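Labels run A, B, C, D, E and F following the written order; every chain starts at residue 1.
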Amino acid sequence: MRSNKVKDRITTGKTIVNAWLAIPSSYSAEGMGQAGFHSVTVDMQHGMLGFSDALHMLQAISATPATPLVRVPELNKASIMRLLDAGAYGIICPMISTADDARALVAACRYPPIGERSFGPARGLLYGGLDYVAKANDVIMAIPMIETLDGVENIDEILDVTGIDMIYIGPNDLAFSMEGSLEFPRSESEAAISFILERAQNKGCPTGIFCSDVGEAKRRVEQGFNLVTPGNDFNNLIQSSVSAVRGVLGAYTDSSGLSNDGY
Amino acid sequence: MRSNKVKDRITTGKTIVNAWLAIPSSYSAEGMGQAGFHSVTVDMQHGMLGFSDALHMLQAISATPATPLVRVPELNKASIMRLLDAGAYGIICPMISTADDARALVAACRYPPIGERSFGPARGLLYGGLDYVAKANDVIMAIPMIETLDGVENIDEILDVTGIDMIYIGPNDLAFSMEGSLEFPRSESEAAISFILERAQNKGCPTGIFCSDVGEAKRRVEQGFNLVTPGNDFNNLIQSSVSAVRGVLGAYTDSSGLSNDGY
Amino acid sequence: MRSNKVKDRITTGKTIVNAWLAIPSSYSAEGMGQAGFHSVTVDMQHGMLGFSDALHMLQAISATPATPLVRVPELNKASIMRLLDAGAYGIICPMISTADDARALVAACRYPPIGERSFGPARGLLYGGLDYVAKANDVIMAIPMIETLDGVENIDEILDVTGIDMIYIGPNDLAFSMEGSLEFPRSESEAAISFILERAQNKGCPTGIFCSDVGEAKRRVEQGFNLVTPGNDFNNLIQSSVSAVRGVLGAYTDSSGLSNDGY
Amino acid sequence: MRSNKVKDRITTGKTIVNAWLAIPSSYSAEGMGQAGFHSVTVDMQHGMLGFSDALHMLQAISATPATPLVRVPELNKASIMRLLDAGAYGIICPMISTADDARALVAACRYPPIGERSFGPARGLLYGGLDYVAKANDVIMAIPMIETLDGVENIDEILDVTGIDMIYIGPNDLAFSMEGSLEFPRSESEAAISFILERAQNKGCPTGIFCSDVGEAKRRVEQGFNLVTPGNDFNNLIQSSVSAVRGVLGAYTDSSGLSNDGY
Amino acid sequence: MRSNKVKDRITTGKTIVNAWLAIPSSYSAEGMGQAGFHSVTVDMQHGMLGFSDALHMLQAISATPATPLVRVPELNKASIMRLLDAGAYGIICPMISTADDARALVAACRYPPIGERSFGPARGLLYGGLDYVAKANDVIMAIPMIETLDGVENIDEILDVTGIDMIYIGPNDLAFSMEGSLEFPRSESEAAISFILERAQNKGCPTGIFCSDVGEAKRRVEQGFNLVTPGNDFNNLIQSSVSAVRGVLGAYTDSSGLSNDGY
Amino acid sequence: MRSNKVKDRITTGKTIVNAWLAIPSSYSAEGMGQAGFHSVTVDMQHGMLGFSDALHMLQAISATPATPLVRVPELNKASIMRLLDAGAYGIICPMISTADDARALVAACRYPPIGERSFGPARGLLYGGLDYVAKANDVIMAIPMIETLDGVENIDEILDVTGIDMIYIGPNDLAFSMEGSLEFPRSESEAAISFILERAQNKGCPTGIFCSDVGEAKRRVEQGFNLVTPGNDFNNLIQSSVSAVRGVLGAYTDSSGLSNDGY
């Protein structure tokens, strides 16, 4: 079975830089897979993506060196299984707040007797190889997102669930949940992030986190995270475009009411 | 009829910064339309786009302040007319090398009695407004690309064709045509670009040009071009992503064989 | 943030005429948005629509004066949030029968600390503007459908749920639920409609209702409803087409076994 | 091979009412096929349609009693053959102005030794049946559009081309070509329509025409046309919607600036 | 209402050969509908299909003699209702383990007063005919999959649920559930299959089963099953292709490392 | 640049077994790429494919060991260039009848100074690698189809055109062109095939041919062809399905009027 680059790099202690795709295009997905990221996550929660888009994007990523992951919109076993059948090598699942949630996620990601994944490997076989069914339980990652106050409070029980391959933190929803807003500074939710990281490291569980930009990603690596996501494709595209327009106009800028002010 | 921001800015002597879309996504297209560009060009020649993609992208751009243009794959009257019906406010047509080519382009973009555009305004009516058919000939732009040796030699006859609204230069194909390669320096094709610009300015015809990046775009504005295109969406996305990965890894770089070397 | 025409007209006591889209096409959606409706609802329950269709339709409606709403197939928080991220300015949710259902709907439609909507505004930002996250809770509407016997019986508790912006009645499913059939006259379910309307007006909650045609829509406006939906796009298209065929054939009609008899 | 309802009704002297599809949806296409039309034309010239849309629409029409036709965007042999392979039972081709044009159209629609259609029947076999290749030359219709001054002047030579199954008039482009505008009255182009009709009847060639509405369609039937098209799906949908909004608002109309004024 | 070939053949004691579609293509779906199968099942659980694919495939199957069924990914009422609205004549639902599950499935498939299906027949009306709503409860099939240990143990209660039209066995997931692996021999799960079959026959409930190939399908018919599915389209295509490559290469085989070894 | 398996195997004298795709699905395309074929041809002439389908299929094939080719619908330079930009490693072009045709094909497939291909490598860069533009002229194949009487008569001039990488014979259209029908025996067109093969071998030009099944493919290999195509995916799927149905029914066959008789 084709190896999982995320697992491999964790084993050897190397940092993983992960891409995050919200644009529903297999062309940009393939380009991102060639841009140097170790893994590429198709975001079906806040990305503008249907199942067919995800399928085409997973196929496109398969032609690149990056390992394909999917962030699902919710803890729904049937849709998790479909995306694994479509070739995802890991499922990042939002809003995991209890050990029961975490167990349900693991069960959806593993074939019996360990889990409850239904047989019908489909594209998994094409991407992974002919030994896919035999080895999928060892290769595919179950990755709960910790992004609620309950998730923080239950972090030890969640980390104790057999089969959790990584914890992934959603700092914005965590701030929403703990501070009631997205404003900075975020003392409580930042403390929670440190706490989660410390508990995970203690129990030997790898950690990942979404970052707003490269600067934050570097800080998170220094803080000890194994995997970092430096923003998503859409925002990076638009921000570099806003910069490009301003760069070109420069002194030539006029009062034409560009809509990019303050984007 | 909704006005054409490209024409309006030419009239008042303002620079136009134009986006170039190769990614087949209405989501990224809408984002680009909000990023500050004055016009957004859907590239059906080298972009990875079918007609339905173009339709969705033109609709998405319609909700933004940017004026939608289309670069067609070839001088084909039927397909030019379809894209105008889909709401394009200007057609950039590659490989216009003679006055006859230019006349055919203009004829495809204009309703009778001036041109030969077939009646059936479709989305044009939705984007432009109920007076679309009456005013389309004044608002919609016919923009030949000059990118062949023949085009350079015939530039005066092309500029004399009634109805040409702008000349757009494709520097890479021009270099291919005149130098036989894309290597720098490109003395002959650069001289041709200056010559075309000078002839167009002489005859009062606006000019546009594709640029590889912001730096070139600024130089072309200084050189006198009215409209500049600072790269396309795909390349800008991938380049900013390659930078992001390198920015994050920094000292943490390892010998993992990233595929982005030298992209 | 771009304003919500439905909310604005309610404030000033004006009737809202709402379109209902079952045809999976961004082209017809854009046309409907230009046809004079104050709001346009993308129907993901009985419409023949996937997520990508809805995205393209919401983008197309964004270029028109009409406010975009979505009728979701069920009370599922994750899918409600995705459609808000895609730009819906209101969610009409079927089968709300209890105050708990209504609270769950509101929670899915509001960011913390009021609700539980996950952060990742995506297209919401493009349609609403840069202040989208700050103002979305005030602009976006949560609209439960009352269409079950339980919903009627629990109407007061449902109306008391904080954050309900309008009640929308589904008369056909209500008749199914209360009369056990769709046949007329529907004395019980009609009485329930009057009762719901009266309770809502009493508590100052705006009301909307699906209608089979223009005639019923006018009667419902006279009855006191704020928002009416005069049929859906598909049925209106087919009925006007059946009329057209009959109009043309007239005396020329023959026994060719048209399939439209009794449509 | 499944029979061609258009040919059958011509043989028995019955009028054909033909639908015209510009909306890219297989759902509305299937509804139109059930609405009583004898044939349904997928419009790839001014319709907002790509090849995949056309394929899905032709499949949907195949489940209805209506015979599927396609109006192609131009006289291009390869694209005509692809649409026949996709199951079209007739090709309506715009801008046929000479006998050579007409011969090229017929050649694209017929297998050797009569024509030049390439072998690869694809969906034709599924729709037509296992004897498709043997009988297609007899069943599939080649229908040139006469809509230019040249087409009028060359009408006799065009009608003499072997294999022409019907002449279809495009009154708007004909007015554009002959009057230089679309304004009424259109004395010259109306006279040309009568002339074409008379010549076709004289030579025993069936005739069809696009009409703006039911009233015109009835007049054209009385004038002697075999096949009439009472508007397209998009316009009929939007006009019935504009009427619906006005019908509902009636006395309740306010000065809200509906965009449908004068549509 | 158009009849249901599966029900009809059960009534007359005839075997049903059922196709299983995992390829997201309306073209291959239509071909399969013409290949002699009595029913064709669109597999939305392990097939690579989104809703729009399913819609196009159901439309394509409607033009063939085969009756369209859908295997849904999970017991979700809203998505079951959408697929019925899209024209499915039967729902095969995975993982039905209790009588409550079975009742929920039946409720989703039936209009009131028997069930809870929401009104909005959409494509059902186009495929079934104008009496669709009146007769759908009698024509459309609710088909639970028995594929868990719990399902086996609760088989009598499940069979006693009013409205179950057939039991469909998933032998692979049953083996996973009962044996903990997919290896042969599968003594326990085979015994369970015989037991389920015997109980169903006893209670007069028809039975169906998924088979890995033609040989197994023949054995299952002999064993007493009413409906058999001889593999899915994707696997049959790939296996016949692997055979074709090997057939051609034969003695010409070389050591080029074909990836089909052991497929 | 990634190597071209077709060219590589020709160099070493090995047979190439080529797949032919008419089903518009990236899933079946990826499966075919894993089935052992050395090359996989996306058929845009008689396949039911639009550009977006082709893009997704080429991306899917890129994740397999097979080399991607495209059969275009016609000799159109712009569409050939777009498919090369989308990642095709060879263009099979129908109806090449003269040396001028062949030169135009080669020109569309090669960058200057050899040819006229426009710069904008797009996906070519992703599939081929960063040295794509420098090496594409050596790797990408121009493959004219010989399938007309003129093509046979002009075979020597065609073979003399610099840049022709292989001759591909379309036996059915050749029979149509030379015999006026598809019936067997085909003495004239078979003689022409032998003649073309002999002339090509004489001039050192590789040869390929479409075959109706495995048996014919083996005979063509023995006859001396380098590349053979044993039928297309759609026909192989349907034929194996017809066999499956018959295999299952066997003695159980009834008079139910299966539509597959004589397929």
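Note that contacts are C-beta pairs under 8 Å (C-beta built on N, C-alpha and C of every residue); 3 or more make two chains touch, one makes a residue touch a chain.
It should be emphasised that the depicted structure is a prediction, and the values quoted were computed from it without experimental measurement.
When each chain is reduced to the average of its Cα atoms, D sits farthest from chain A. Chain B and chain F touch with mostly distinct residues; of the residue numbers seen at this interface, under half occur in both copies.
The interface holding more C-beta pairs in contact, when C-D is weighed against A-F, is C-D.
Spacing of chain E relative to chain F, judged by their CA centroids, is 36 angstrom. Work out the mean CA point of chain B and of chain C, and you get 40 Å between them. With touch defined as above, residues shared between interfaces to two or more other chains in chain A number as follows: 22, 24, 27, 31, 34, 48, 50-52, 55, 64, 76, 122-123, 234, 263.
Shown here, the protein chains touch in an arrangement that is not a line, ring, star or fully connected set. Under the touch rule stated earlier, the contacting chain pairs are A-B, A-C, A-E, A-F, B-C, B-D, B-F, C-D, C-E, D-E, D-F, E-F. Chain A meets chain F in the complex at residues 26-27, 30-31, 34, 55-56, 59-60, 62-64, 122-123, 126-127.
Contact residues on chain C toward chain D in their complex (touch as defined above): 9, 14-15, 17, 19, 22-25, 27-28, 31-32, 34-38, 48, 64-65, 214, 217-218, 221, 228, 230-231, 233-234, 236-250, 252, 254, 256-260, 263. Residues of chain D that touch chain F in their complex: 50-52, 55, 76-79, 81-82, 85-86, 111-113, 118-123, 130, 133. Here chain F touches chain D in the complex through residues 22, 24, 45-53, 73-74, 76, 94-95, 172-173, 176-177, 180-182, 234, 262-263, going by the rule given at the top.
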